[in-house]
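Both complexes shown next keep chain A, but they swap its partner, so chain B is in the first and chain C is in the second.
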Partner chain A sequence: MKEIILETRELTHIYAKGTPYEKTAVNGMNIKIEKGELVGIIGHTGSGKSTLVQHFNGLLKPDGGQIFLDGHDMWENKADIRKVRFKVGVCFQYPEYQLFEETVYKDIAFGPKNMGLDKDEINRRVIEAMKYVGLDESYADKSAFDLSGGEKRRAAIAGVMAMSPEVLILDEPCAGLDPAGRDMLLSLIKNYRESTGSTVIFVSHNMDDIAKIATRVLVVNDGKEAMYGTVDEVFSRCDELKAMGLDVPAVTDLFMKLKMIYPQLDAGVYDINKAADILYSLLKGGAVRA
Partner chain B sequence: MEDLIIFDNVTYRYDSDGAALKPAVSNLSLKIKKGEFVAVLGHNGSGKSTLAKLCNAILIPESGRVTVDGTDTADEEKIYDIRRKVGMVFQNPDNQIVATVVEDDVAFGPENLGVEPTEIRRRVDEALKSVGMYEYRLHEPHRLSGGQKQRVAIAGILAMQTDCIVLDEPTAMLDPKGRKEVMQAVKKLNRELSKTVVFITHFMDEAVQADRVIVMNKAEKIMDGTAKEVFSHPERLKALGLDVPAAAGLSHELKKRGIDMPDGILDNESFIEAFERINFEGNNT
Partner chain C sequence: MLKDITIGQYFPTGSPVHSLDPRAKIIITIFYIVVVFLCKSFASLGLCCAVLLIFILISRVPVKMFLKSIKAILPIILFTAFLNIFYIGGGKVLFTWKFISVSEKGLYTAAFMTVRIILLIISGSALTYTTTPTMLTDGMERLLSPLKVFHVPVHTLAMMMTLALRFIPTLIDEIERITNAQKARGADLESGNFVQRAKALVPVLVPLFISAFRRAYELAFAMECRCYRGGEGRTRMKQMKLKMPDYLSFAVVVLFTAGVILLNNIYPVL
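On to the complex of A and B.
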């Protein structure tokens, strides 16, 4: 078995505790995330996934239960929480609004600089991070204002990558991007994880995005882990997902409906080309109805 | 049908310290009819949002003319008349809530128009019922889900009794359920209340539900037709950084493999129907 990088044990978080507005956002959650996985987190608005993500790098403190990073209880020694934040990098929704430096280079260098790294190491990290997000060196001296929306988003993500976190967390990295920008960012994330071997966790409302790149899918519902498994395992439970206000990828949904007529079909299909191949052979083989 | 919004050779450029920027919208001519449901697609930076903001005088054309029901949006004295006719809903639901109770938020618009209190009460109730949020009228808006917040925002526009609603990526930040709720509300106000709808989106499955789809690319309108017409060109759309709905894409891929799928398949139901027919014919020849 692979090493566990993040683990929660009965993790609980309560907002506005002791007031009439008290709300339990995370309710006794138990999950183990293995090193090197690319975990997609899904859950409807208010399911507790953002609260969970904020626990992953110590932005919130548990009201109950524990959270472990690399086998160590994050909150055992309060003074160490800063270290946690260097190990687990979070990139929030619409991170492009957080760019503030004069140039793309300076913005990406901000994180590594705060880590107290020397100049050469900072430089190496910035250049490497720019490569990961597909911005060539000509972007280094540009002002963030001169970039397109998609480029700004990627520059902001590079700022977190440059800190070389063991775990990179991206909250809705593709929200608001057009289909081409979305595909590009997804393949960059996948490639980053493959070349660095680091653990990547991303939150998304888009089931197609999850199916495209995740190695594991975590479904959060009512502050609990409702499912945790491979893309196939999770998306085969279509009815349960829909009952939670979620969905399955668009092609999968179509295949589920076809499966009712052709039970021999495997509905675990997420890619249009593969789907077309399967249906083609189904027809050529003289498809038999149920 | 009568035209409600007319773009006549419109160009718009954002001002950046006098630097000559490329136009965000360039020589755009367009007519939107009363009661029409128009979806606008396009890559990031294609000019979609600029188009939306030109519809109700948030932006004024640099050259050319936009008219709403015959009134020029450049006429400063008519700006309130225009905004009374065309309302906007934006992407981020949290940026457009002004009150601490749902019904107060919906009442904000008509109050500012100086509508009688009893009439405001009637409009607010009616608007909230139209979007399925009446039972939440006494809730706090910030505690609602994204889909609910967007429906409250739509109710706020309805209460102003505008003829047209422009929605700029209203579902971009929502979960699957929220997206469906908003889509349902929008369709209802188009089909049942005959509101003109201009709907900007990156989601192809939402665009197929419109009467008409406009595709923007590099500040220009490059496709304009029914959803069936526009989505029958998947390669062209892909080259523009866009996509097609899954059923249309799959149907196109099967065609490329020599299967005689009919044109104009946009949803699962019509895909399955066509697939069944082909399979039936195949088994009987």
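On to the complex of A and C.
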């Protein structure tokens, strides 16, 4: 078994505790995230995904339970919480609204600068981060406010990547992007993980996105971990996902319907290429009668 | 922390007090405050308390909410009470220690002032707890509309106020969001000397201003698209009309004033 980088034990978070608006957003969650995984988190609106993610870098303090980073309780020593933020980089929903510097370069350099790195190292990291998100050097001196929405998004993500966190967390990185921008960002994320070997966690509403790049899937329902496993394991439980009000990948949905006619089919198919192969052999095998 | 601000908060319960005409409520509140200042005896002040309590009970806003708004200005209340206790002389001296002396009259005045301030705060919060900010500004606009004769842009002012109130919670959310995002990039907002802290605010303030302007533009466009062009010739979706309960409350207030004046004369001494 691989090394565990993040672990939660009975993690609980309650908003507005002690008021009539009290809300338990995370409710006794137990999960272990292994080093080098690409974890996709999915769950319907208000299920507590963003709240969970904000615990991973110590922005929110648990109201109950513990959270471990590299085997150490994050809140054991309160003074060290800023170090946690350098190890775990979080990029929030709609990160483009956090840009503030005059140029893209300076904005990406904000994180590394806060880490107290020297100038050459900062420069190296900024250029590297820009490469990861596919912004070429002509963007470096542009004003962050003159970019398109998708470019701003990528600049903001680069700002977190430039800190070279051991764990990169992206909260709905694809929200509000067109299909091309979405695909591009997904392959950038995948590529980033492959070339740096870091752990990546990303939150998404879109099952297809998760099916495309994730190695593991965490399904959150009402502040609890409803399912946590490999992509195959999770998508083979389509009915449960649907009962939670979640979508399944379009291909899986098709296969579920096909299964009603051909019970021998495996419903947990989410990869379009694999689906094509299966259908091909099904046709060839003569199972389909006119 | 920012979310704890209760002043000016609306607390919906759907009670009869909530559905009173905002103009009636504004006038009654102002009237009530004047009457509280006219009180000369504990008896009349007691009547003020009783009337306010009845209104609160009818409004069904939990008493806890009022305690919260008193808590916010507790230092001011304590400060005035202390000044009164130690500086007002007269009557029997109750207590002396070195140069400090507490007299009977001082104690009475302090108690009187404290109750008075608390009544003011509670009546003010009762107004905002039972009236939405929009209703409140609408009511004020209508009450101030005679000033249009003197070319005071009443409608514009009211609209500005409505929008400002509407955007306070939005901006508070936004501040929290941006602060978190910058903290995640290692921004240190909590330590350092004054200059360092002021500098550390730049990464929060710049995005905040930008988004505030963006929202302002978007709102302006949206309003123009709906053909908004100021108050001229503009009618209202919700016509304000004084109804039976409003007149009834006015009657109660008049009776109450008469009662206070009466009690002032019966028990005139402090």
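Heads up, the rule we're going with is that the second predicted complex is superposed on the first by the 282 of 290 C-alpha atoms of A that agree within 3 Å, B and C clash if a C-alpha of one lies under 4 Å from a C-alpha of the other, contacts with A are read in each partner's own complex, and residues count from 1 in each chain.
Following the convention adopted for this analysis, contacts are C-beta pairs under 8 Å (C-beta built on N, C-alpha and C of every residue); 3 or more make two chains touch, one makes a residue touch a chain.
The shown structure was predicted, so the numbers you read here are calculated from the model rather than taken from an experiment.
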Identify which of chain B and chain C touches the larger number of residues of chain A. B
Regarding the shared-chain residue A:Gln98, is it in contact with chain B (first), chain C (second), both, or neither? second
Return first, second, both or neither, reflecting whether A:Ser50 touches chain B, chain C, both chains, or no partner chain. neither
Quick one: classify A:Ser148 as touching chain B (first), chain C (second), both or neither. first
A:Ser198 in the overlay: touching chain B, chain C, both, or neither? Say first, second, both or neither. neither
Considering the complex alone, what residue numbers of chain A touch chain C? 16, 54, 57, 59, 82, 85-86, 89-92, 95, 97-100, 110-111, 114-115, 145, 159-160, 163
Residue numbers on chain C that touch chain A, as the complex places them: 3, 177-178, 180-188, 202-203, 206-207, 210-211
Show me the residue ranges of chain B that touch chain A in the complex, using the header's touch definition. 42-46, 91, 145-147, 169, 172-179, 202, 204-205, 238, 241-243, 245-247, 249-250, 253-254, 256-257, 259, 268, 271-272, 275-276, 278-279, 282-283
Given the complex, residues on chain A that touch chain B span 43-46, 93, 148-150, 172, 175-182, 205, 207, 245-247, 249-251, 253-254, 257-258, 261, 272-273, 275-277, 279-280, 282-283, 286-287, 289
